[in-house]
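Below are the structure tokens for one structure; questions will follow.
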Amino acid sequence: MSLSRDQIAARVANDIPHGAYVNLGIGQPTSVADHLPPASGVVLHTENGLLNMGPAARGEDIDEDLINAGKQPVTELPGSSYFDSADSFAMMRGGHLDVCVLGAFQVSAEGDLANWHTGAPDAVPAVGGAMDLATGARSVFVMMTLFARDGAPKLVPRCTYPLTGIGCVDRVYTDVATFELTADGVVARDLVGITPTELAQRLEVPLLTA
Amino acid sequence: MSARICGTAAEAVAEVADGATVLVGGFGMAGMPVGLVDALLEQGASELTVVSNNAGNGDTGLAALLARGRVRKVVCSFPRQSDSWVFDDLYRSGRVELELVPQGNLAERMRAAGAGIGAFFTPTGAGTQLAEGKETREIDGRTHVLEHPIRGDVALIAAHRADRKGNLTYRKTARNFGPVMATAARHTVVQVGQVVEVGTLDPESVVTPGIYVDRVVSL
Amino acid sequence: MSARICGTAAEAVAEVADGATVLVGGFGMAGMPVGLVDALLEQGASELTVVSNNAGNGDTGLAALLARGRVRKVVCSFPRQSDSWVFDDLYRSGRVELELVPQGNLAERMRAAGAGIGAFFTPTGAGTQLAEGKETREIDGRTHVLEHPIRGDVALIAAHRADRKGNLTYRKTARNFGPVMATAARHTVVQVGQVVEVGTLDPESVVTPGIYVDRVVSL
Amino acid sequence: MSLSRDQIAARVANDIPHGAYVNLGIGQPTSVADHLPPASGVVLHTENGLLNMGPAARGEDIDEDLINAGKQPVTELPGSSYFDSADSFAMMRGGHLDVCVLGAFQVSAEGDLANWHTGAPDAVPAVGGAMDLATGARSVFVMMTLFARDGAPKLVPRCTYPLTGIGCVDRVYTDVATFELTADGVVARDLVGITPTELAQRLEVPLLTA
């Protein structure tokens, strides 16, 4: 018993404040959009140069000049605006996005993020906008399964994968719990299918009680 | 967070605090947010640092704010004008502090604040009085000066049209410092000629996206 | 100097020299100047440094330039894609050099080149592999990395419309790196969907002023 | 017998290459525009955010939102574009203007420029875009009378007024001669109403023969 990706996305969506400007990273975080009703007033940013991005484009709505950061065809909503990459990243770096949601290989208890490179020697590295988002957004939310396929926890005392950003993650949404990374330590909440004791045993990160 | 459409200029400038750094748009009178500056005068905030290209014309607007003793310091490129007698008197009698900044450094320092750039090396001003005491470095055989961001607590700017999400367009050379100031302040207040419905402005022609705008008032 | 309208892509890219640093617009295929890249392949310049967000898709365009051994070095943020097999093979076998740059630093370093900024401190990448060996400085309690301009000998970009003075408009997210690359290169070549008469484009909506444009070809 | 301001302006205009992007500083340099016919293809820049500025606006053409750097009402020509101050000064600083024409209090033989401040203790200083133009344009032309009212030369071995920029001036157009400031020294040409000997006597700057 644990949350599906879709259920994690719904939890993230639920925590995004009304009217926030939000960037959803490529991959899983994209699905957060499906849980943000128009009444949320949330404005989606895509770093390739659009504010107020709409849902995926289908059929005749597909326009090769209108894509998201994952290079999938999308739509624009009324009240959108286009800008170039320098302006888009200035917006990100300048702290104007309220929230970004990213995937991760690992997150440390201090909020370090590793999500761009496995460190494997034959891997072709690619970073895209990950470091810019991690550094720039006011709040960085991570969405991931808490354990890798081999059972190793991905919330760790220290990241072993190459870092994307230092001390940048505020919250980690996983299939079994949500973690707040605070100055005092890590707080686990909203546990699903796992007891606090079990969670504490499987992680090497000390947990504070919520 | 979303822009709020205000009914009055007074409501739009209500949050300016004593001691605030206020970025004021305009080049001469083009793009000058006259209604917002007048409302700020009424509102009463004092001990202000005003960042603006000029330092007031005649006896109204910025000049009135200066005359009433609300401004501790002016950061600008061109205070001296034919009708800047209010600033000139205060400056000569030592009642207002002046930080004179080359116009491009003024724009670029605000751009840095808005773009999250910690500091930058610029050739402008190297070897002049205005770079005295500043860190320098030779880059590609040319002396560069290290300049730091100018961040506003508040920006007061004028635009042509806004939609209800705060997206802005400007008109001709009245654009000048508005777009960069909107990015450089924690709280951006805009006076516009007209507020239009969402979907009215062409997304390709929006100059300041609503993400940079907090309060809008049609005056 | 004034932009020149060219009749063919071959004429537009005629001046690219061996060893040139070539900025290539586009994010994936949106805004990719496919016709100019194909013409560059025909033109034959080699030992190129290519600066682009990605490192080629499939077997055409940038990928074909790479496959033919014309590219010595790639500066980009995201080479690895589902169809980047040409780059992947060259990289793994050590036949192409890669400088990996966070996307925002890539854009900002070109912006610095275009804007005459000698270097700048950015928080992006601090503490990561991509900042190893770079100068750092604490600013406002945060580690910043000193980054330098990326200047192109040539930029190849795509835009939507150009007028005969080289003023450009773009379309939707195909805008991406075009405007900043146009400022960062000594010689900017643009492929557009349409060349229109001077006076047709709204001066408020021009995104790249003609001052940044040297060659235009309608493809 | 010496050149009028208008005649100096004509000389400057004559030396501006076809199709150049040019900024004319406030004051005297503005009059260079009167000597640039449309066939020159010259595009005028004003640093408050316009390329392809037209002549002064009169009567009903006056628009308070359309002014030049001297805050006078002007017009736009077909093919113009508007941009904000950050972009305008990026254009200047980035070396994209072919020529700027400035007034001066003094110019040194090495091309140092003094044109923003007399250094008088009670003067209210104002710099505007002068330092940005002096630093950024590919060629900096100065337009001035060669001698001050008291007869002191304004082309000097070393500026005594506060500097605007170092080694930035390429050419000086005056009422009695034009001076090229080269790496080898100062070359005087196109003398009017003054002999080479007289000119050499009145300047403390050594002159090369053209």
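First chain written, first letter: the chains are A, B, C and D, and each begins at residue 1.
Here is the rule we use: a residue touches a chain if its C-beta (ideal position, glycine included) is under 8 Å from a C-beta of that chain, and two chains touch if they have at least 3 such contacts.
These figures come from a predicted structure and were not determined experimentally.
S.K.: Count how many hops through touching chains it takes, at the least, to reach subunit D starting from subunit A.
M.R.: 2
S.K.: Weigh A-B against B-D on C-beta contact pairs and write down the one with more.
M.R.: When B-D is set beside A-B, the one with more contacts is B-D.
S.K.: Suppose each chain is reduced to the average of its Cα coordinates; what separation in Å results between subunit C and subunit D?
M.R.: That gives a centre separation of 34 Å.
S.K.: CA centre of subunit B versus CA centre of subunit D: separation in Å?
M.R.: One centre to the other, that is 28 Å.
S.K.: Rounded to a whole Å, what is the gap between the Cα centroids of subunit B and subunit C?
M.R.: 33
S.K.: When you check subunit A against every other chain, which residues touch at least two of them?
M.R.: 50, 76, 82-83, 89-90, 92-93, 135-136
S.K.: Which residue numbers or ranges of subunit B touch two or more of the other chains?
M.R.: 108, 111, 115-117, 122-123, 170-172, 204, 207 - these are the residues of subunit B that touch more than one other chain.
S.K.: For the protein chains shown, what form does their contact graph take: line, ring, star, complete or other?
M.R.: Per interface graph, the chains form some other shape.
S.K.: Any two chains that touch count here, so list every such pair.
M.R.: So, checking each combination of chains, I get A-B, A-C, B-C, B-D, C-D as the touching pairs.
S.K.: Quick one: which bits of subunit B touch subunit C in the complex? Just the residue numbers, please.
M.R.: Within the complex, subunit B contacts subunit C at residues 108, 112, 115-123, 137, 139-140, 142, 144, 169-172, 202, 204-205, 207.
S.K.: Inside the complex, what are the residues of subunit D that reach subunit C?
M.R.: Going by the criterion above, the answer is residues 17-21, 41, 43, 45, 50-52, 76, 78-83, 89-98, 135-136.
S.K.: Where on subunit D does subunit B make contact in their complex?
M.R.: Listed in rising order, the residues are 46-50, 63-67, 71, 76, 82-86, 88-90, 92-93, 117, 122-132, 135-136, 162-166.
S.K.: In the complex formed with subunit A, which residues of subunit B make contact?
M.R.: That would be residues 1-2, 111, 113-117, 163-165, 167, 183, 198-199, 201, 203-204, 206, 209-212 of subunit B.
S.K.: Which bits of subunit B are touching subunit D when the two form their complex?
M.R.: The contact residues of subunit B facing subunit D are 27-31, 53, 77-81, 84, 87-88, 91-92, 98, 100-108, 110-111, 122-130, 143, 170-180, 207.
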